[in-house]
Every structure is written in C-alpha cells, then in structure tokens.
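As structure tokens, the structure follows; a few thoughts come after it.
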Amino acid sequence: MSAAQNSPRVVVIGAGIVGAATAYYLTRAGAQVTVIDALTPAAGASGASDGAVSVATKRPGPMMRLAREARSLYGALERDGVLSGLFHRRSTYLFARTAEEVALLESHGADLANEGERVIALTRNDLLARIPGFGAAILAGLEVPDDGHALGYQVVNRLLAQAGVVVRRHCPVRGLSIAQRRVVGVETDDQQIAADVVVVAAGLGSSPLMGIDDVLVPRKGQLIVTDRASTKGAALPGPLMSARYLVAKRAATPGQSGVSLVIDPLRTGQFLIGSSREEGCADRQTDARTVAAILRDALEVYPALARQRVIRTFAGVRTATRDGLPIVGHHPQLAGLVIATGFEGDGICLGPLMGAAAARLACGLEAQIDIDFLTPKRFPTPAMAT
Amino acid sequence: MSGTLYWMGDAVAFRAGETVAAALRRSGIDDFGPALGELRARYFCGIGSCQACLVSLNGDSLIEACLTPAREGMRLSAALPLAEEHGHE
Amino acid sequence: MSEPDVLVVGGGPAGVAAAIELAQLGLTVTLAEQGSRLGGAIHRQYVGQGESPLAIPGRHRRHWQGLALGLANAGERIRVMVEAVFLGVDGDSRFLLDDRRAGKVIGLSPKAVVLAVGAIERIVPRPGWELPGVTTAGGMQLQLKETGEAPTGAILIAGNGPLPLALGAQLAAAGNPPLAILERGEPWRAALRHPAAAVAGLRSPAHVAEAAGYALRLARAGVPYRSGWSVTAIEALRQGLLVSCQHVSGRTMQHRVAHLALHDGLATNSSGLPAPVVDGVAIVRAGDCREVLGADAAISDGLRAARTIARQLCPAAPQRELARDFERELAAARRMQRSIQTLCRAADWPIAPDTVVCRCEGLRRSDLDSLQGASSAREIRLLGRFGMGACQGRSCLASVKAITAEAGASFDITVADPVVQRWPLRPVSVVALAAFSDV
C-alpha cells in the first residue's frame, strides 16, 4: 500500500450503516472511497430495524462497553452537525412481568451500574407515573435514561451525503481479486475495481466474500408499524422493552426463536412494534400468526394500542454470528481485507463506531477502541487459494 | 330517518343501510376534522381506498366513514384530537 | 365456518357473477365484500323505501336482478361476507380478510381466488384538490345511489369521459342538477379527427342509448356540457369553494360551489394485489380491476374467471357448454372503451410545487423534488415518506410516477420490495389483527 499510503483506494462493499460510516470516516481520512451495494443504500437490516441506540439491552461486559462508546459517538456526531436532527436522547424502559424477570432486571441493572450507566429501578407505580396505561401484567421496570434513538436509513443517507460518495447501486460483488495473498480489488458483473483495501460490510452477503464458512446466520425479525397515536412527536417517552429481550441478549449461546417485545414510539407519533427472532430465516415475509402473537403481547403490555391500526408489516434479517459477537477486524490470511459484519440487532447502535474502527484498520492504523475480541481470527479459516 | 349517531357530541340522523359518510354529509358535515400537514379529513373516493375520510368511532381505532354502515348510538369524532392527549415532546 | 374452494374478493358484478358460476360448477365460495351490501360501485343499492329516484338504466337494473337471483339460487354454496376487507396474502400463503363484523382477521387457504376489486378513479392533483367538499365523481355518485339524495348547494362536475355525464343526469334526477359539466377533452373535435373512433363508439346501441338518456335529462335540466375545460385550482371560501377553470384556448372562468366532483378517468387497480399464483393457488383477476371495460363486460369477465378456475380445480368434470363467447364480448367492450378514450383524450398538466401529492402524510410536490438522489422506491418511501401513509401509496402512486418520470426515473412507490408479499393492503385495527385465527 506504500504508494497509496496517503490516499488509499478503498472499496466498501455494503451501503448499510456500517458501510456508510466506514465510507464517511475513510473520506475524512483522505482515502478514495467507492461504495458498492447489491441493492440500494440501507436496503438490508439498516433500513428494516428499530432505531435503538441503546445500552440498556446489551450483554454485560465488552459489548456493553462498546455500546456506551457507540452511543457517545452518536452524541458527538449529533453535536458536530454530522447527524444533526437524527439522533435523539430518550430513556429506555425495561419491564418485567414475572418474578424471574423482576430478578433479571435487578441483576441487569447492577451490571449496567457497574459499567457506570445511570439506571433507575422502577416499581409498578413509578412506571405508571411515567407511562400511564401500562398494562396490569407489568410488575416492575428499569429506566435507562441516557439511551437514544436514530433511524438507520436516515443515518445511512446522511453519512453517505457527508462522505460525498455516490453509491454504485444494484451492483453485486461476485468476488475479490486476489494476488499473492493480498486483495487487490473486487469483481462485479461488468468490471473489476482495483483497490488497495476492501472493506466487507455486506451483512449476510459477506459470507462468500470473507471466505469464512458457517459463521454468519440469518435471524429474521418481523415488525409492525401502526398509525399515529400523536401528531406532536413520540407518543411515549421511550421504548418499552420486555425483560425477555434480555434473556435472549444475555444468553451465552444465542439462537432461540421467539418474540422479544419492543414497543418503540417513533417521532412521527406512530409505533414500531417488534419483533420476532426467527433463527435461520432469511426471507422477508411476514405472517399473520407471528404478527398477531406480537400484537397480543403488545396489547397486554400497553392496552392503549387498541386505538391504533396496523398500517404496515415488514421483516428485517439480522446478520447474527455463531458466537453472538460481531466480526470486526483484518482477515486472518488475506492482506488488504477488513471485515465488519455480524452485528445482529445492534447495527444501528454500533454502526458509526464500528465504521470508524473499520476505516482506521483500512488505513493501516490501530482501532482506537478495544475490538480485539471481535477479530475474525477467532473462527477457523479454510485454507485459501493464493 | 331511522336512527341517530353522534358527531363530536351532536346528534346526526341516519337511514338504515347508509354509511357514516352519507349521514354526516347530509347533515352538512363535509369537514371531518384535522389531518396531517394542516389538511382536513373529508369524504373523497367512497371505496375505502384513499383513507381520507377516517374518523374515530367510540374512541377506538379509526374507521373509514365511507365504508362503515351507520349504526344507532355511534359516537364519532375527528381522527386526530383523540391522539393528542398522550403525545410527548 | 369451513374452508371454501374459492375465495372471491369484491361484491360487484364481476365478483358476484364469478361466485354464482363457481357455485353452479359445484364449488363452494366465500364472497367477501368490504361494504355492507353487495352490488359494487355500479349497482350500489338504494337504502330508501321503494324505487330509487335516480335514472338507473334498465339494463343495469336487469343485470343486477339477474345476479341477485343467481345468488339466491346458489344457496349455501356461496357464503357472503360483508364488511370483510381483503388484506392480502401473508408469508404463510394465507388469504387474509378483516372481518369487521366479527372484529377479527381471518386467514383462508382456498384452492383458488378471484380478485374483483373494481377500478380506481384517477385524480390528477391540482391546488386545493384535498379540500373538504371536493370528492371524486364516483364517490359522489356512490352516495347519490345509496341515499337517492343529491348534496345540497351548488355542484360542479369536472372530469373526463362518460362518468360525469351519468353523475350529472342522476343529480338532476335527484333534484339538484350541477351548474355545469366540464369535460377536459374535446370529444366533438376528436370525433372529426378520428371518425373511426366515433363510429366504433356508436356500434354499442346499449351505451348509445344510455348516453342519450343522460344527455336528454341534462338538456331538460339546462345543464351545460363544456368541453375543453379543466379545473386548475380550488380555494376554500368561508362557505364553499372557489373553483378556477381554464379552457384549452386559455380562457378562464371561476365558479363558486358547495361541492366539486373530480374525475380524470378510470384505471385498473393492481396496487399491492398478489401475483397470479401464490404457493400453487391460482389468483385470477376479473372485472374493472383487471381491465377497465365497464359493468356489462365485468359480468362476462367474472364468468370467464370462474371457468378458468373450474378448468384448473375440476379438470375431470365435463366442461359446461360455452353458451357465450366471452372473448368477443370483452373485445366489443374494449373497442367501446378505446373509442371513449380517443374521443376524450386530454393532456395532463404539470403538478405545481405546492400542490398536495400525498394527502395521507400531507406532502407536497416540493417535498418530492427535495429528495434528489433518492433513486429507488425504497428510498422515496423511507426518506420521503411517500407511499408510507394510510392509503399505502395508492393515491399518490400515479402522481409520483409522473413527477419522477420528468427526471427520467419512474417508481411504483407501493412496492417497497418486489419479492415480498405485502400485507395488510389496508390498515387494520390492532385488536382485530391480534385476534387473528385461521378458519
């Protein structure tokens, strides 16, 4: 890369939130950036997710610390004008419906506090004072006041605009050009694009490009959008998240299918209600059985939803990994290849931070944060053709 | 006239079999209340397609006035104000 | 309730004709109609006692009487569900109905489906089209048929094609003739330029007789028919509407009215409807939603759809003799429609920046113009919110297409993702959907 050290040519594969953030930081660092997407910007999980920039639900340990960093970065980008108007502070409300969930909230609250996060334990009455209309089944809650909200597709659009990058749309990458164990470009249907470095941030589409098999798994989530409950901004002070969500998040071995309820008040006054976790499903269909189950759960938690109509359902496909951790780092064998994928449901929260890290790696620098535990080297790599 | 429904608290007569929209318009109610973008809700397409005639029925979820048959004692109101009670920010 | 062999969506002439034919072929049918009565737009039933005061052509009355009789004779084979709104097909290939009488969504798994949901009226946005007091001509006509009463106060009809004539005559019959009927096209001039189209139009005696009947009634009521006139803007007054109109020659005129009926033609209605086959289930479209050919042809098309399905579901059964040549009937109707289109052809005008394009979200043309660089339906939806409102883009679909076409692109904003079955096609109450069950 020496010839191009100051202005490396970088191809970013994937115009989701991680790819867009990578492109943004790369252009700031002076790189010549090309962003390619098989479809259009935010066409994958970034455009089909809730906008939780949330520490409240993260697994205790390094992921929780990363989420705190990531949320701070949103705040900084908001203040600097890069994401002005797109990131909003708001509380997250975790709620418990069983004694076990109450106990889980207690231990999770302690874990959050240990990391330095502000938390407020709420009795049922405290909850009702904040959110009138909480259903009778709710026993207790936990408020995480410093969380935030950003819509993935808006962030992607803004970061790409700020980067001044025009995305090559509908341009699937068929393979990487490799010479002497080094990636030297990408191959699309009609051309070869030379590059000093390639960043793969293509969600499930990353699998064939990174040459590490059986690591990425699709996990579908069905989501529901209602009509407006308010015309003056969000209809609730923050999202209502089931403690059951934590069960899934905290599990050492992810992979259970089921519903983890989130009632997310959008700034349009609508509600976004989700979501299922459907292991191994990569289609984007929604079905009445699952949607009805989510809605029944939601009505139990917040009966005022009975006043709303469902205007849309959609599904997003999260890119999960076998061990539940994202993959960010240099490819174990190929030089000039950086991988940033596998964020499952945390892509919106972690996207800008991980994009910043991937950009530094692509420029031959160390990431400014500890992401060693996310390295792709933790997975066995098949011997690669050189 | 064979029945009475209520629009924003006022009695409106209707004939059995006709839609809510027909009853309201006969009573001179063409403006069904505020809609987004400082527009007004109103009867338009008559076939449920345009969603411009939404009203609130008994405080529950919205209905299309053009599709819904008028029934005795219905309490109808404009679609939006209901929602504003519990807005934040 | 048990699973029907065939689901028929839409209780207008095409749907009812299809249901009757299917029942006669030995199949069980669920006939779902979103309104509270069958009949569709053309045969909307009068709710009063006795005869409707309107001028309903005898041919239409007889057709509906025939269909009503057929329904009665079909007995148990046809289960009619009214106030049942079709929500589309979900990922499990269930055909979803919002059963509003029962307050719940049900899922059907029929062997075949007929979609006969009717045409939609095209309305080109102009400033003020979103105001109360402005309706589609079809919308005004539906209420007129239902109640037998014309709206009170001055009425103006501004449209394109034959529907405004029928509406004007029916308003006159109900005692409140419109101030005028404005026709955007210039049919007389067009007839001179395209004599073949005029002759083709005259080849259908039933339609000629119907038009003559309307013209006579309008003449008697002294209603002027002004061709070459378009409505360019509408303003709300303290009471009523001020409607600005312009002739093709550039002359202008204003009318003060209480009600304005707009109509820029009829269009097929395919927005969001499922593909021809879903998971092995044949889905046949019939009537004006498939091709706008009018009420008579809708019956033929419904019968044709029923035969198509019967051939697939019971291939072994002896085919009923084709007493009628559907293709010939449809071709005749097509000639008639083409002739009308030729005679009434009128150019659309550009949509001004502050004109409301998406009424659901209160968005204007300038909002769409500001989305420069959004080059997919998905981006226009997500970033611009066009197509994201309660009507799910059905109303602004054509306008957005026309506006983006000016810049060399074109989007069907009702399609967020072409490979995904989209549902619900209509908003549905959270409570009803939460109560979802299979039949």
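A, B and C are the chain letters, set down in written order, and residue numbers restart from 1 in every chain.
Basically, a residue touches a chain if its C-beta (ideal position, glycine included) is under 8 Å from a C-beta of that chain, and two chains touch if they have at least 3 such contacts.
The model shown is predicted, which means the values in this text are computed figures rather than measured ones.
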item	value
Chain whose Cα centroid lies at the greatest distance from that of chain B	A
Of A-B and A-C, whichever chain pair has more C-beta contact pairs	A-C
Averaged-CA centre spacing for the pair chain C and chain B, given as whole angstrom	22
Approximate Å spacing (C-alpha centroids) for the pair chain A, chain B	41
For chain A paired with chain C, centre-to-centre distance based on mean C-alpha positions, whole Å	43
For chain B, residues contacting two or more additional chains	36, 60-62
Per-residue multi-chain contacts in chain A, two or more chains	227, 306-309
Chain C: positions in contact with at least two other chains	389-390, 427, 429-431
Chain C-touching residues of chain A, taken from the complex the two chains share	39-43, 47, 153-154, 157, 161, 169, 226-227, 283-289, 291-292, 295-296, 298-299, 305-315
Chain B contact footprint on chain A (complex, rising order)	132-133, 227-237, 265, 267, 269, 304, 306-309
In the complex with chain C, residue positions of chain B that touch it	15-19, 21-22, 25-26, 28, 30-32, 35-52, 54, 60-62, 66-69
Chain B to chain A touching residues, read off their complex	36, 59-62, 80, 82-84, 86-89
Of chain C, residues touching chain B in the complex	34-37, 41, 45, 47-48, 83, 85, 100, 118, 120-121, 130-136, 138-143, 146-147, 149, 151-152, 259, 269, 356, 359-364, 389-391, 394-395, 426-427, 429-431
